[in-house]
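Below you will find the structure I want to go over with you.
For clarity, chains are labelled A, B, C and D in written order, and residue numbers in each chain start from 1.
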């Protein structure tokens, strides 16, 4: 069953790339294309495509989502422009089993806040400081192929408290040059779907070219592969009881 | 600090009582008044009041919620009539620390689905069958004053799978005469707020007069008392780092 | 990586089969051989062998455990005869990544109590009653190939409270004819190793011939396959810090 | 019920204080007396006493433990000298409901490893570097009275991976000057007992005089107060079923 090609859609907000020359210089074809390139390089058997905010239905039609195994999500300044209908649809697919990888500022996206049920707030600072991600669980599938830690020379800082439910699986915790820490690789299951929040990826740094970041996203995509079974999530009436019920007055 | 009077609001949808004579016969003054009576009897020091769907802002204005420590929620056929603005407000208060006790068919309320991030679906049957609730964690504050189990002679059945995130604290599991089981007392923390889902309470049975059910709801209200600290849940910029950051090019 | 043959050792206490004619009649070659037969039938690519209490080192030498991916454990009346040295060894292998499937009365084995850190007590009754196991998480790998529930016509009853840490993954909950419930399929991770407790399997019933029981054990063995990485679990001194530390007085 | 005086025993290994002049200079009357002083100052209503390795039964007789609500544990070089009989006894009391606060190098104590079921290993470095403990959950009772973080100017470093089960409650994460991070305030429940692991406290620094460290230990003692109910943790036979069981052949 694991031999079927994994179908991954990389979703990008695709706004900063067109409004901020610094971002455009790093990601001239958009951050989403670079994330997709990384997945294609590491998962040659996967079918990787992209979708963006600007497309009809943000590129996430019912039929396309029905054929998506794992969705990655990067958004920042335009969270409010994502239509509620599409968010409903993505949430439903996660409940059915689609994996979801939420990247960096996606912590404040409608879909992540919906799935967590919390504010997903944190503290932050843009100072281009060094981040070091420590592996908390070396046996976890998402940590395979990494050392005991890896570094990013320049990143935005995200700091605790991170207002999310306690992660089911803690894979990474970040150290920042400026003195903060952050739970930066967090696994959840919601319905049938697996969700991985991965912290790095500020738009003004070439983070999605980094080999370790690419390895993590690829590992997470494999980890988030949908289960075979689909859960009939519809409150069915169980009219016929397995046991005989005594007659009631 | 635990000596301050607990301020509890019992929220009732208050619809079945006016449309179903069977419900009106059991709860002539509304289910919410009976739930409130139970709390007053067991927590004499608490300030217990009620609110209903039909009141302005469903009885849950900003100012009232600001002075509420614990909210109990019963709804069923009119979930869709609860305004999104009020749901937003309740969710925000839970994140700030207000306790929330979700009763029975409240599993499908907007507020519970929002806080869980899942569909909250289950299977069900109305056959007036016997329910037996087993205590899974006899040391839990919500189980104090109960035996190893307690029974309700007639209840609606709710069965697994219950599409919620894994409970942080499993207090009860139910056995049903017709052959099903259900995780029927589930504790969660979301932001600063504690949430307890408690299964029993179908409108056509006098469940909220039951001494054990009342004990559980009162214990849960005490357990869900807000913490002293309030979480500044607003993504603040941490401009001044505790450590000096090396100058960046 | 998942193509390597899974190496499973089925461990059996192998005492009741020789002292209780009723057990000998059902399992003339021992319970362990029947459990192993079930695994071989469903996982033809796996290498399945058995080990028993009576063998030297209970059949679990250092070298054999080093080549074991998943160990299943059934014991009951002779828990106390298992040598502490072998228990130490099994625990170490679980920490390294070996999967462990603990069956029925194995809840009171030294190895399970060690890994849980709790008493693992429960209530019980031998009345040959009906057990129905409900799937709580239809998307879980261990639940694949099953219906919404399955039944065993005659089993020993185990009831709540089950004194274990809250399971990381709740796959089954049991309903018993006599009125109890039990968390009967519980997943844990300890170190690198995955642990699955599966309730059914009293020695006086032909439970390990049951197709659904066999399916669950085979699914659990696949689920418990060790991760690729091994955790250096030895408190190493991190003499060389990634960051320069200011000179101390 | 919360008005009864909390009975706390502070256990100290009490070895380094007699063999290392540097430790003796900071803690001339032993580390345990300083920890006890801190508790007495912050919890004036509590009954605080001390016990050490050198006393008969390490000062932890059956009768004394029976009258202990919360035990704090500091040990390091003499973990192996703690008698297994006393460890058994302490573990039993935790299962009954006694709270346990494990300090610093106590991560490798027999009692903590027993309760966790894992190796409890970590990485470490003695370089007197700065530690900053971040509050991950500002609403948690153990974090009350603290700011968003607090610092210790000189401490031993402990780094991830910390080989413990995923904490039920994550209260603190530490940042270290040398570049590491660590889950440094971890809450668990095992049986009826609450367990808090708190990282700081290397013997060569005056950590237990620090006001924030004292505040955390006092808060944790209150948090770990035993529940009223005691769990009969003894595998009782439930001969009389609540439901009538059909006659078996």
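The rule is simple: contacts are C-beta pairs under 8 Å (C-beta built on N, C-alpha and C of every residue); 3 or more make two chains touch, one makes a residue touch a chain.
Just so we're clear, the structure is a prediction, and the values are computed from it rather than from any experiment.
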Checklist entry - Of all the other chains, whose mean CA position lies farthest from subunit D? => result A
Checklist outcome for this item: Between B-D and C-D, more contacting C-beta pairs sit at C-D
Item to check | Whole-Å gap separating subunit C and subunit D, where each centre is the average of the chain's CA atoms | outcome: 30
Checklist entry - What positions in subunit B touch 2 or more of the other chains? => result 132, 138, 159, 161, 166, 168, 176, 179-180, 191, 231, 242
Item to check | Sites on subunit D touched by subunit B in the complex | outcome: 2, 97, 132, 138-141, 143-144, 149, 151, 168, 191-192, 226-232, 242
Checklist entry - Which positions of subunit C touch subunit B when the two form their complex? => result 132, 134-138, 148, 159-162, 166-170, 173-176, 179-181, 183
Checklist outcome for this item: In the complex, the residues of subunit A that touch subunit B are 91, 95, 108, 114-119, 121-125, 127-130, 154, 157, 159, 161, 163, 165-166, 168, 176-180, 188-191, 231, 233-239, 241-243, 245-246, 248
